[in-house]
Amino acid sequence: MSTFGAKPREDITNPCYERRVRFHRSFRVRFGDADPAGIAYYPRFFEWFHDAFEALFEAATGRPYAEILGRERVGFPAVQVATEYRSPARFGEEVQLEVFISRLRPRSATFEYRVKREGVLLATASIKIAVMNLDRFESAEFPPSIAAALYAYVEEDAERPDVARLRG
Amino acid sequence: MSTFGAKPREDITNPCYERRVRFHRSFRVRFGDADPAGIAYYPRFFEWFHDAFEALFEAATGRPYAEILGRERVGFPAVQVATEYRSPARFGEEVQLEVFISRLRPRSATFEYRVKREGVLLATASIKIAVMNLDRFESAEFPPSIAAALYAYVEEDAERPDVARLRG
Amino acid sequence: MSTFGAKPREDITNPCYERRVRFHRSFRVRFGDADPAGIAYYPRFFEWFHDAFEALFEAATGRPYAEILGRERVGFPAVQVATEYRSPARFGEEVQLEVFISRLRPRSATFEYRVKREGVLLATASIKIAVMNLDRFESAEFPPSIAAALYAYVEEDAERPDVARLRG
Amino acid sequence: MSTFGAKPREDITNPCYERRVRFHRSFRVRFGDADPAGIAYYPRFFEWFHDAFEALFEAATGRPYAEILGRERVGFPAVQVATEYRSPARFGEEVQLEVFISRLRPRSATFEYRVKREGVLLATASIKIAVMNLDRFESAEFPPSIAAALYAYVEEDAERPDVARLRG
């Protein structure tokens, strides 16, 4: 059984509760991010997300992301992506990116990304990653120390992109 | 009222029915698409998708995509994305990309992308785009000639990525 | 001594002379290639070049590029780049890319790239690649079958970017 | 005549001499930067360079790069590039990027980029940019306030990539 999935957020005695955090990053929309309409080309958001994903692992574990992959022999391929773009991010704008985890399971996790500009939500993404053994290219469990480190970023009750509207 | 949304696919007398088509493209996973694990880095898929999206517009309308944007003064920003990655696309593999439209409305459309390798489905994406007036940066309708041209690619009953599972 | 460097182009009896060719490719400048000024962002050119480089290897050898790397255990890192951009390539334009080899040595080669629009030269690049053993990360020789296949693309007397002007 | 080109570096009384600086930035080679051999794919270097180029403008002028383009109506397209890659930058490594200007003229400038890892030089680039009027797409002069701000980063006697070797 998963030890890291066993602590519901509503458990107010959860010793991790107080330190629950989001990973934050601010940056400008760069020239190479922007399209001929002067707004960030939507595939670039996923590069921003993955860079922040790596940085979150490093903040959480105190280890370089590449070292985790190299030593633990696990990778974290995206298996599902749901994104809503509400308002464009324009070339030159300073944007804020927040990252947290809405679901942490033994073999997968869903990372949440919120792109904001001065508090206004521009884009929302849920990206589910699997844990993959890099030698056998098959499903694996999170190494326990990684799972424990990620736990501080879990918010299971977070609102997520309403992808059902895609079907409307 | 939309004329292009009014013709259900089950209308067997629909004169467009017979010519309903998917846009196809084959290509190799290139060195620059692949990550240190030797598989296509997931943000690259969205670049493949947008390139094919542009090519579909050109096949449908007989006009360069850039000319459509420049003359009609409309752009097509992504507003929602739902993707499932089932199996990795490895560096060097020849993959097939199919594109069609699952929903065509006066001010938006949902494009479907299927990535296959020798008939095996590797990835599925639904990307909803809006029509935006490029001068006022606000919602607009498809120019009638564009909507009519896109109609040949509509399959309203297509199965789509089960993004609800993201919440499971 | 190199066998493949031993045949000067002026040797009219060279049996390879007649089949000396350039690799050609035509494509449109895509939305994701273009910057807010509506012209191709200069780092994209290097992605175009590498994609064509891989395609040239495939045309020359009849083998997938990834298979060459995987089976021969050699890679081809860029070691020197010299590029001149004479005129912008705009979003939507159809451009022609020509690739050939200006210098083929046992452990390195210089590939030439010419980007044209309706015969007008837009950009010129010389990119020297080394042969690297992928297991030991050290210099290696071209596998003989690869060198022989590339030989058809050699034009040793080609004019190249006048990078000396960079110093002027 | 250019006022900003008129002050040779050897003029020890030059009041700007003391404040001559290089722009510095440290970052990790990210997953999306790395290729299947686990090293940074060479086109990515140019994206690193352009991001730092924009940041240098901002550090020098105190104004966002996008605002300079938007208000002054000038852009800075690359016109010549010369790069040497001496040693690979591997996925996960922390690298240092230094940027300075080796040549500042009224209508162009050459920016220098040095990529290092713990003091060891990995790559060197000289990129000459032109000043272009964005409304007429033709050559222009640097706005005087921009030229004055960039002057602090000029090192005219810097050693540059030995691109002549490309011809050897």
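Which chain is which? They are A, B, C and D, in the order written, and residues in each are numbered from 1.
Note that a contact is a pair of C-beta atoms (placed from the backbone, for glycine too) under 8 Å apart; a residue touches a chain by one contact, two chains touch by 3 or more.
Note that the structure is predicted; figures quoted are calculated from it, not measured.
Chain centre most remote from that of chain C: A (centre = mean of CA atoms). Chain pairs A-D and B-D differ in how many C-beta pairs they share in contact, with the greater number at A-D.
Mean C-alpha position of chain C lies 25 Å from that of chain D.
Annotation: 32 Å between the Cα-based centres of chain A and chain D.
As a whole-number value, the distance joining the C-alpha centres of chain B and chain D reads 38 Å. Under the contact definition stated at the top, the residues of chain D that touch 2 or more other chains are 31-32, 36-37, 41, 43, 47, 50, 69, 91. Listed in rising order, the residues of chain A touching chain B in the complex are 36-37, 39, 41-44, 46-47, 50, 69, 75, 77-86, 88, 110, 126, 128, 134, 137, 160-161, 163-167.
Every residue of chain C that touches chain A in the complex is listed here, in rising order: 31-32, 34-38, 41, 43, 91. Interface of chain C with chain B (complex): residues 28-32, 47, 50-51, 54, 64-67, 69-70, 90-93.
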